[in-house]
Amino acid sequence: MPSDPAALWVGPHPTHSSIEAARERLHLNEPLYTRFFYFVRDLARGDLGVSIRTHNPVSEDIFKAFGATFELIVFAEILAVIVGIPLGVYSAVKKDSFIDNASRVLAVAGVSLPGFWMGMILQLVFFRYLGLLPLSGRVDTLMSITNPIAEKTGFYLIDTLISGNFSAMWDVFKHMILPGLTLAAYPIGLITRQVRSMMIEVLNENYIRTASAYGIKKRKIYFGYALKNSLAPAMVTLGLSFAYTLVGAFLIELIFNWPGLGRYAANSILSMDYPAIVGVTLIVAVTYVVINFIVDLIQAKIDPRIKL
Amino acid sequence: MSEELVRFEDYSLDFMTLYGRIKALKNVNFQIRKNEVFSLVGETGCGKTVTSLALLGLLPSNARPRGKIFFEQEQLTAQNVEQKRGRDIAVVFQDPMTSLNPLYTVRQQLADVLMARRQVPKKEALRSVVDILREVQMLDANRVADLYPHELSGGMKQRVMIAMALSCRPKLLIADEPTTALDVTIQKQILWLMKSLREKHGFSILFITHDMGVVAEFAHRVGVMYAGSIVEIATKRRLFKNPLHPYTVGLLNAVPNPRVGGKLRAIPGSVPSLVNPPTGCRFNERCERAFRKCFKETPPLIEVEDQHYVACHVYGGDENG
Amino acid sequence: MKRRLSWFSVLVIFAVVIMALLAPIIAPYPQQALGEPNPAERLQPPSWKHIMGTDHMGRDIFSRIIYGSRTSLIVGISVTFLAALIGLPVGIVAGYYGGFVDTILMRVTDIFLAFPPLLLALLISSTMGKGFGNAIIALVISWWPWYARLARSQAVSTKNLAFVEAARSSGVSNVMIMLRHIFPSSIPPVVVQGTMDMGTAILEAAALSFLGLGIQPPAPDWGLMVSEGKNYFLNYWWIPTFPGLFIFLLVMSFNLLGDLVRESVDPRLRRRFF
């Protein structure tokens, strides 16, 4: 496969003239700094260029793909929070009990699992052998014809809910479980560990001793006092896990044929689609920065000692 | 003579740790009476804080206690002590800096205690916080109530802790070195505050300290602890006038007296290991009056004169000195 | 319970090391492992002849897994080692000199740290081209900033200690001070972190080779084997399952050990009150 962008652009059956035309179009004959200038200028206008592979504007491609990926990530993160925080708290409170040890092992397992492998195993078990869940994709093709989804937010779960399209919603959900679960393994492990160690540290603090000495109910101590104090670093971890989940999503999307950024990026990389690659990188970087910023905000909200 | 409020009866305490079994308390016997200030003195690590934790039932899971503690003639168990915490017994800990939760305002934390212990409904609890703060002479109580702990000075934080303790209307206030972490001027204020509050409300105070000066000013009766055992109990006056136990003598000699002047006399040697304590009296290696029996048998606490108890072979039974 | 876990982890790591070292001896079909195809026995399920079955080219999976242990271990060790090798001096210099040098160096590391971990490696890999060496380089480039940070904070706290002051005032040159005093104290946290990171390094390398960016076929790499099995696994489950299982077990063992070691060393992780 040639690495010449112009040739790639033209695709199969390149002729000399078409390649030349492509060269012109892509400004490939001009010096590097001019090309960079075009790039920045277009960027300012929100134009990320045109994909060599699909010949669509990159921004358009990315927008569609982004929704898919983001929904998956949010699903996984919510799962991680719902499972990870209580598990971490319980582990810390009942330290060295069976549940504690078991959840620690699970947490380490979550962090050590190769996502691409676990996805396959889940597919084997739930699709191949149990026939419970679909293999891949975001929505059943038949379903998308009979009950098309009105795309409003790009989040299919929400869109189907709003429009009352419940059969489609159930279908979307079924499609999301396996990839979501696979993706959630890592953040669950991370959050459980983090909450656990922070809780243990906090529970050793003097102010917990004070609360205990004044007869404040245990449950209130754990969830009211201790948890709030543990939450700040947990939020940071959450933010970090977003980053890792973002990358993990790429791999998962390959396995589950999920129409998201990951698949788009992977295809772009494999076909050396430079504008697309650059566009994806930018979007990812921006998202990452925004998420970190939000995490900082939340942290400041929880802890009055932090000043913005 | 007032009635008994707290009684430790042959109370011993071990801690199971990786380094071995720490024999932290050995046969502790003492009483605290109603409406008195009982001061527990001794150097760091002698077991004073642990004693107060034992009373509160706040010992860690690796603690192995033996013996009994009585509160108002009722033996304390893990269950009933939880009921008494924050109601009959309140505590002010040593380090005000870390005793309050940094993420909640003063008002919220004090209100939480009121709700938990005095069953006050939430709205009323939040409101009455200001009154409680005024009782402890907190200036600008209304504003302070809504501050976060890190916005308060050390003295203010300790006042909040005292307010917290007071709000429970306790019968016993445990004050574990409440002024050690504070400036000298603030110390005086806090001590004076506790004194006046006690006189007003009539509760007892178990005052834990290593500062003999404070003891002289504040206490009614004193218990001297060394290496996990009580070595002497007396009224303040008797203790200072006629200290019996060699350790007490050493302690008092180590306090600089500007009127007398002269050399400070330290006690030679150091505190013994609590994992492998010496047989007999734990002070034996450092005691200038020790004799053979001191290395074999632990001296029991006996009453030598009225209200004055010592655990020392020099005063008990036969003397070979 | 903890002891059983640590024994298990040690056992796994030990087994993998043995596999790597004695591969030619242990593997039942060494030539197949190294890529010699065996079309007659394609896609066979696990049997006595092939304990873990054969892949789409008839190669014995078990043998390939044994040989695959080599790349996994090499990656784990070399990435952490090289990253530390780069990160330590950078961190020490930044921490010791402080000021302008520090700011610049830290800004540089910040840029690297701003990227989500695997992403950077992915980008570098895809621009540099495929291959084992390039994958390692990509990973090292994305890892060293962490160690630089670690070394720097250690250097900062060490440089203010009394004995460094003493050395400086007696005229010892800065380079000597850094070598003799700062360097030894910066090593331990980096080493501890490095050993804990080996698992993650192996995981990331496996991801890279899964994507085809790492070692190339027909080499027997676990990540690569999972990728090769991707198209067959629905009907021939054994092809990706075993390699992935080994990745999982090895990474988990490293992580478990690191966790357990850290917990016994860190005094903050003990319960006090109730």
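Note that the chains take the letters A, B and C in the order they are written out, and that residue 1 is the start of every chain.
Definition applied: contacts are C-beta pairs under 8 Å (C-beta built on N, C-alpha and C of every residue); 3 or more make two chains touch, one makes a residue touch a chain.
None of these values were measured; they are calculated from a predicted model.
Chemist: Name the chain pair with more contacting C-beta pairs, choosing from A-C and A-B.
Modeler: A-C
Chemist: Computing the C-alpha centre of each chain, which chain sits at the greatest distance from subunit C?
Modeler: B
Chemist: With chain centres defined as C-alpha means, what is the inter-centre distance between subunit B and subunit C in Å?
Modeler: 54
Chemist: With chain centres defined as C-alpha means, what is the inter-centre distance between subunit A and subunit C in Å?
Modeler: Centre-to-centre distance between subunit A and subunit C: 23 Å.
Chemist: Quick check: how many Å separate the C-alpha centres of subunit A and subunit B?
Modeler: About 55 Å separates the centre of subunit A from that of subunit B.
Chemist: Would you give the residues of subunit C that are in contact with at least 2 other chains, written as numbers and ranges?
Modeler: 271-274
Chemist: Specify, in ascending order, the residues of subunit B that touch 2 or more different other chains.
Modeler: 58
Chemist: Considering subunit A alone, which of its residues make contact with at least two other chains?
Modeler: In subunit A, residues 209, 212 touch at least two other chains, as defined above.
Chemist: Considering only the defined contacts, which subunit A positions touch subunit C in the complex?
Modeler: Going through subunit A, the ones touching subunit C are 95, 98, 101, 104-105, 108-109, 111-118, 120-121, 123-124, 127-128, 135, 193, 197, 200-201, 203-204, 208-209, 212, 243-244, 246-248, 250-251, 254-255, 266, 269-270, 277, 281, 284-285, 288-289.
Chemist: State the interface residues of subunit C toward subunit A in the complex, per the touch definition above.
Modeler: 1-2, 5, 114-119, 122-123, 126, 199-200, 203, 206-207, 210-212, 223, 226-227, 229-230, 233-234, 237, 240-241, 243-245, 247-248, 251-252, 254-256, 259, 268-274
Chemist: Mind listing the subunit A positions that touch subunit B in their complex?
Modeler: 205-207, 209-217, 220, 225, 228-229, 302-305
Chemist: Of all residues in subunit B, which touch subunit A in the complex?
Modeler: Listed in rising order, the residues of subunit B that touch subunit A are 56, 58, 82-83, 85-87, 90-91, 93, 95, 98-104, 112-113, 116-117, 148, 150, 161, 164, 168.
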